[in-house]
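Shown next, in structure tokens, is the structure this report addresses.
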Amino acid sequence: MLAVGLNHYLILSAILFCLGLFSVVTKKNAVTVLMGVELILNAANINFIAFAKYVDNDLDGQMIALFVIVTAAAAAAVALAIVLNIYQRLKSINLDEADSLAG
Amino acid sequence: MALSDIIRDNINSLNYFLPELLLTGLVLLMIIADLLLKKERSPWMSIIALIGSGVVLFAIINQYELGSRSIFNNMLAVDEFSIFFKLLFLATTILVIFLSIASVELSGRSVGEYFTLLMILTLGLFLMASATHMITIFIAIELVSIISFALVTYLKTRRRSSEAGLKYAIYGAFSSGLMLYGISILYGLTGTLNIYEIGEVLAGRDTNSLALLISVLLIMAGFGYKIASVPFHFWSPDVYEGAPTPITAFLSIGPKAAGFAVIIRFFNVALSNYDGVAEQWLALSNINWPQIIAVIAAATMTLGNLVAIAQDNVKRLLAYSSIAHAGYALLGVVVLSSQGVYATLFYLVVYYFMNLGAFFVVIIFQDIIGSEKIDDFKGLASRAPIPAIAMGVFLFSLTGLPPTAGFIGKFYLFAALIKAGPEFYWLAIVGLLNSVVALYYYARILKAMFFDKISEGVSPEPLKISPYYVTLLAVLGIPTILVGLYWAPLANLASHSVHFLPTF
Amino acid sequence: MNITLFDTIFYLLAFLTLGSAAIMVFSKNVIYSAVGLLFTFFGVAGIYVLLAADFVAVVQVLVYVGGILILLLFGVMLSNKITNIEITTETLHFLPASLVVIGIFVVLYRVFITTDWNPVGSYNFDPTTHEIGTLLMTDYLIPFEIASILLLGALIGAAYIARKD
Amino acid sequence: MITNAILILLLPLFAFVVQIFIGKRLPRQGDWLPTGAIICSFLLALPIFFDALSNYEAGHVVVQQSWEWLRFGNLEITFGIYVDNLTSIMLIVVTLISSLVHIYSIGYMQGDERYSRYFAYLCLFSFAMLGLVLVDNFFGIYCFWELVGLGSYLLIGFWFEKKSASDASKKAFITNRVGDVGMFAGIMIIFSTLGVFGFTDVFTKIADGGLSGTMLTVTGILIFFGAIGKSAQFPLHVWLPDAMEGPTPVSALIHAATMVAAGVYMVGRTFVIYTEDALLFIAIIGTITAFMAATIAIVQKDIKRVLAYSTISQLGYMMVGLGTGGYTAGLFHLTTHAFFKALLFLGSGSVIHAVHSQDMDDMGGLRKKMPITFWTFLIGTLALSGVPPFSGFWSKDAILASALEFGMNHSAYMWIFVAMLLSAGITAFYMFRLIFMTFTGQAKDQKKFDHAHESPFTMTLPLVVLAVLSVGTIWWGWIEHLLAKPELATYATVAVGAVEHSAEHGNAHLAHTIALFSSIAVAGSGILLAAVVYHWKKISAEAWGSKLKPVYNLLWNKYYFDEMYEATVIRATLWKSRIFAAFDVKIIDGFVNGIATVTSKFASLQGAIDRVGVDGMVNGVARVVGVFSNRLRTIQTGKIQTYILMALFAVLILFVLQQF
């Protein structure tokens, strides 16, 4: 059980995934929420790379991980620009204060 | 495959990739033009975008003659299915450009970035429609999402727009994370990311259904977010309300239709086997995904319709109605027959006309009377008869009453559903009941416009509607009725477009 | 069963990753969270190395640590008055979130444990950089190009939104 | 003949298109154009009718032609025209009454600010109605069915400045839609099981056993739902009385002669698909409708509302006729009723035009002021009351006979006949109550009375024409030879075994005789009672009204149907929608708040973790309390994270659901 195999990586990724989800759902601060998203993406990447090694035995998984990192960077850039914009409107980046659109 | 073969394939593929290449060139051209012109409200950007779209249109139509092919080492497919969607997307973009030119909301903003981003978004939609590899699917969805975040926030000094952008960005990032996790599990199960190979592997091996189920559910979170289906719809009313109205109109059609393209391609290729004789796909035995989609479809239309009733902002009401329509369009996906896919494609085109039309009327009234509230729409029929009558046509069509296009669209969907057998009768009943509920809130808008007295303090003078608006209304309104009366050409196009790779 | 050096490194990295991720998640101070995230990224990079993904590990460090994390920190700084010591974040619906997330974890755990993944399991530790470079220019040419458009668009969008006008 | 049929359909459409766009700029605001078009349609319909009449056989088909319209998967939809004897009768009824209403409207609507628009709508409606009658398949009938609904929506709400009118139009539209959904479902079942739309094709396939048993019964009942809505049958009758808010000629056209008859026509057209059970269902619905509406009509004060309830009641009669197997009787009543009810409505319009009120308490003694209106109205009343030899007597008698015969064969359903007979008496009573209150006696409102005058020529001419027809359609023979009850078996292409003809002719003759005398008797006593109460005033209506207060209230409030719908359907829908709107707000909040107390222990545990954790050192214990109170307080709608949480929860639920 202690010898490291595929399942260890998967469970590591599952825990990371859940921590990310938890952060996304509970943190009020928009930046922390974005951090949580990065955790989720990292968890998925661990899966990809682990499967690339153990199941696929090819580089497909590593390739998608690379693209995930790139898109994560792009998404983070735009999302942070939006967060700063919200800060200028509301003087706060607490997500629960951005609730004028509702119902 | 030898390296040289792969490179040769890439080079050969360029020929099939012309529309996207042209679109990329257009984007670059627009960035340069924006730098050179740099004059606020210069009409040149929109003109360049329109001319460029025209050129791209020809390139797309030209693709019909090249025939179907998988290009760039099975990354993308050029087939009738993707061409159909590309045409739909380009038509959406062109119309949204026209709407944006007219929009008062957007005036005073620099238009360079706006149109550039719009064209990049269109490119992303093109890629979504033709992607056949999980990497291209993922990256195309991300492209569409990220650009949409920026466009939703475009009125950055307005609180509503900023807030909508924030919610959209957070929700989008979250759902693409879920989808990616789902893809990773699917990759683990099959050892490949190519959807054709995924299909082969899953068909050939008895995989753990539990793992497959969770992976499909997580992937559906990403796709469902794009089409705004319950329970991944929560962002859409807020975003639709806050975004600039032309962008709302775009979002309610472009990414939604693209989401349907991805859903149909993914589920039919990767998770089903095709039975050529019955013109029907068979879902994999170890996952009953049609059942999941059926539940989602039922919930989507019911929730969309019921919540729409309580709205008093027309834009928000249309947002909920757009949720409901995604539910209807899903009916065609559930049945797994080519008739079902065909009904969905048909419905999306119909939806294009009626929904864009309805949003356009909202833009017109918003610009003139400065409000989107139903109460402020009172008596508009006597002040502005042409937009009001056009709105009547669009709303009738959205309700699904003959002789409008919306009725025919719904008819195809229900026919496909009932033909699929008693398994989905319950879904048909849910759909029918929904169409009664829908009538109620659409009629509320009509009643306000046609039957209610003008509120006190509002001058009953006729509103000036420019000929430009009237032309656009005619462009959207006439097909809405025409398709309702004679839909054979459109039906032919749709049935022709059911063919996607691998061809059958 | 013997615990090899390899396994020990895994456990250390896993502990680093999860521990710092937990700090990131449960800390109320945003700066602490960012620091936690920094170590998480390093831990994950280490895991990549263990999984024979050296190039991805380098990219992870470069892009995540050098790019995204700095961006996030900028976000924190720009959205708070620096003089304000309490850069904190509060939490929302803690309990339902816990229940749902635990539910999801249970599901994932069960799935991962019970699934037969058909491992082929040959280990190769060849450097992957060369091969990835080739793949990017051949098989993955088109995603590579789309990514460039994506970055261009994100750049335009982010610059537009962030600039004052 | 085919050219005739097509022209009949296209002329009104053409007139509508021209009228809606440039009608206002035409001389006389273009009223002559739709009127001329519909009169031409009538003239074109005449040859078709005479062809049917001269051909002297039931089941004769005058015109049948269809064209491929579009392909639907691998089967084609044809769209065609089908004219048999039934259609030819309907064509005459629709075009004739529509022409008369057009002519009448020239006088009635004179000076209205949307005069030209009115004619456009009227023409659109006529087009839709003619299409409904002419079309040869279920798909087409549904399309025109909805178009008819649209036309009536526009016409009922024509004076939309009146809130009651716009409300009424909405009510009519939505109520109809409820029925239509059933019809749509029925058509869908037919299409999905049989794969065809054409009437003949469908009948053939059903006769060959393509659809049978319970499924066929269900299909029939579903299709009948459409008729329940459109023909204002119980329990969807509530829209029709409110629809009287429309201009009176519209009431005559839509709510007497054509649109409401569409349901009856449709049942007649698709008669062979109804199984015995489905027919019984139709008969029961018809009986309830007929009796209930007749009783409500007794207490109404608004002249048009009396007529509206009487229409509902008579539609119920027609359904009973069809449902009890009296196919010919039901459709005969449709024809005669169309004429005399249109006459009554137009006559009431003439009265309203004269006194500018719809309330019968404002009328009285109008006989001398408006002689033409009075005499024609009286003829219509006699016809409706079933007094021989007027047309209504013959058709109503035939329905009663059919109900009685049905009752004799199935003694459990004798009550249908009894209820119908009672309703016939009530009908005579309330119609003569109307006559006495309006035309005879003393004027109740002298000012209005002095102002009253006979209507212009364009309005009285249609009255006279219709009065002649109300007397003239008395001959029962012509319809009997035109319309014979169709048998499903005749459509069969393969032998399905001998069809049992269960008709017991022994009863038929007896039933006719009994029905004949009893209907005369009840009509006579109804009239007599009305005269005693309202003419000679031997019995005080008020006294009896207050003596029977509960009954009176029940009737006055129309059996509380509107209130019931308000309380159940409409409110429930609104309520449900509110719940869903609040879903974002409330559910998660409630979820959290509800278990908040239970979980305070967990909370302190979390607090402990925080304290020993990294940030526990940074933030004080006091802060933890604040965090929790804040958290519980601030979870509200519009929060993106609540959305995300719910989405995750839904994924979990979907997963668990799929497991089982």
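In order of appearance the chains are A, B, C and D, and numbering begins at 1 in each one.
The rule is simple: contacts are C-beta pairs under 8 Å (C-beta built on N, C-alpha and C of every residue); 3 or more make two chains touch, one makes a residue touch a chain.
Please read these numbers as outputs of a predicted model, since none were measured by experiment.
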| item | value |
| --- | --- |
| Contact-richer chain pair [A-B vs A-C] | A-C |
| Most widely separated chain from chain D, with each centre as the mean of CA atoms | C |
| Chain A and chain B, separation of their C-alpha mean positions in angstrom | 26 |
| Between chain C and chain A, distance of the C-alpha-averaged centres to the nearest whole Å | 7 |
| Centre-to-centre distance between chain C and chain B (centres being mean Cα positions), rounded to whole Å | 32 |
| Averaged-CA centre spacing for the pair chain D and chain C, given as whole angstrom | 65 |
| Per-residue overlap in chain D, given as positions that touch at least 2 other chains | 581, 584, 634-635, 638-642, 644-645, 648-649, 651, 655 |
| Per-residue multi-chain contacts in chain A, two or more chains | 10, 17, 20-21, 24-26, 30, 33-34, 45, 50-51, 55-57, 63, 67, 71, 74-75, 78, 81-83, 85, 95-96, 98-103 |
| Interface hub residues of chain B, defined as touching at least two other chains | 135, 139, 142, 146, 149-150, 153, 156, 165-167, 170, 174, 178, 185, 188, 191, 214, 238, 310-311 |
| Chain B-facing residues of chain A, complex | 10, 13, 17, 20, 24, 30, 33-34, 37, 40-41, 43-45, 47-48, 50-51, 55-58, 60-61, 63-64, 67-68, 71, 74-75, 78-79, 81-83, 85-86, 89-90, 95, 98-103 |
| Chain D partner contacts - residues on chain C that touch it in the complex | 23, 26-29, 32, 88, 90-97, 100-101, 103-104, 107 |
| Chain B contact footprint on chain D (complex, rising order) | 69-73, 142-143, 146-147, 149-150, 157, 160-161, 165-166, 169-170, 173-174, 177-178, 181, 184-185, 188-189, 191-192, 573-574, 576-578, 580-581, 583-584, 638, 640-644, 646-647, 649-651, 654-655, 657-658 |
| Sites on chain C touched by chain A in the complex | 1-4, 6-7, 10-11, 14, 17-18, 21-22, 24-25, 30, 33-34, 37, 40-41, 44, 47-48, 51-53, 55-56, 59-60, 63-64, 67-68, 71-72, 74-76, 78-79, 88-94, 97-98, 100-102, 104-105, 108-109, 112-113, 117-123, 128, 131-132, 135-136, 140, 143, 147, 150-151, 153-155, 157-159, 161-162 |
| Complex contacts: residues of chain A adjacent to chain C | 1-12, 14-23, 25-32, 34-36, 38-39, 42, 45-46, 49-57, 59, 62-63, 65-67, 69-78, 80-85, 87, 93-96 |
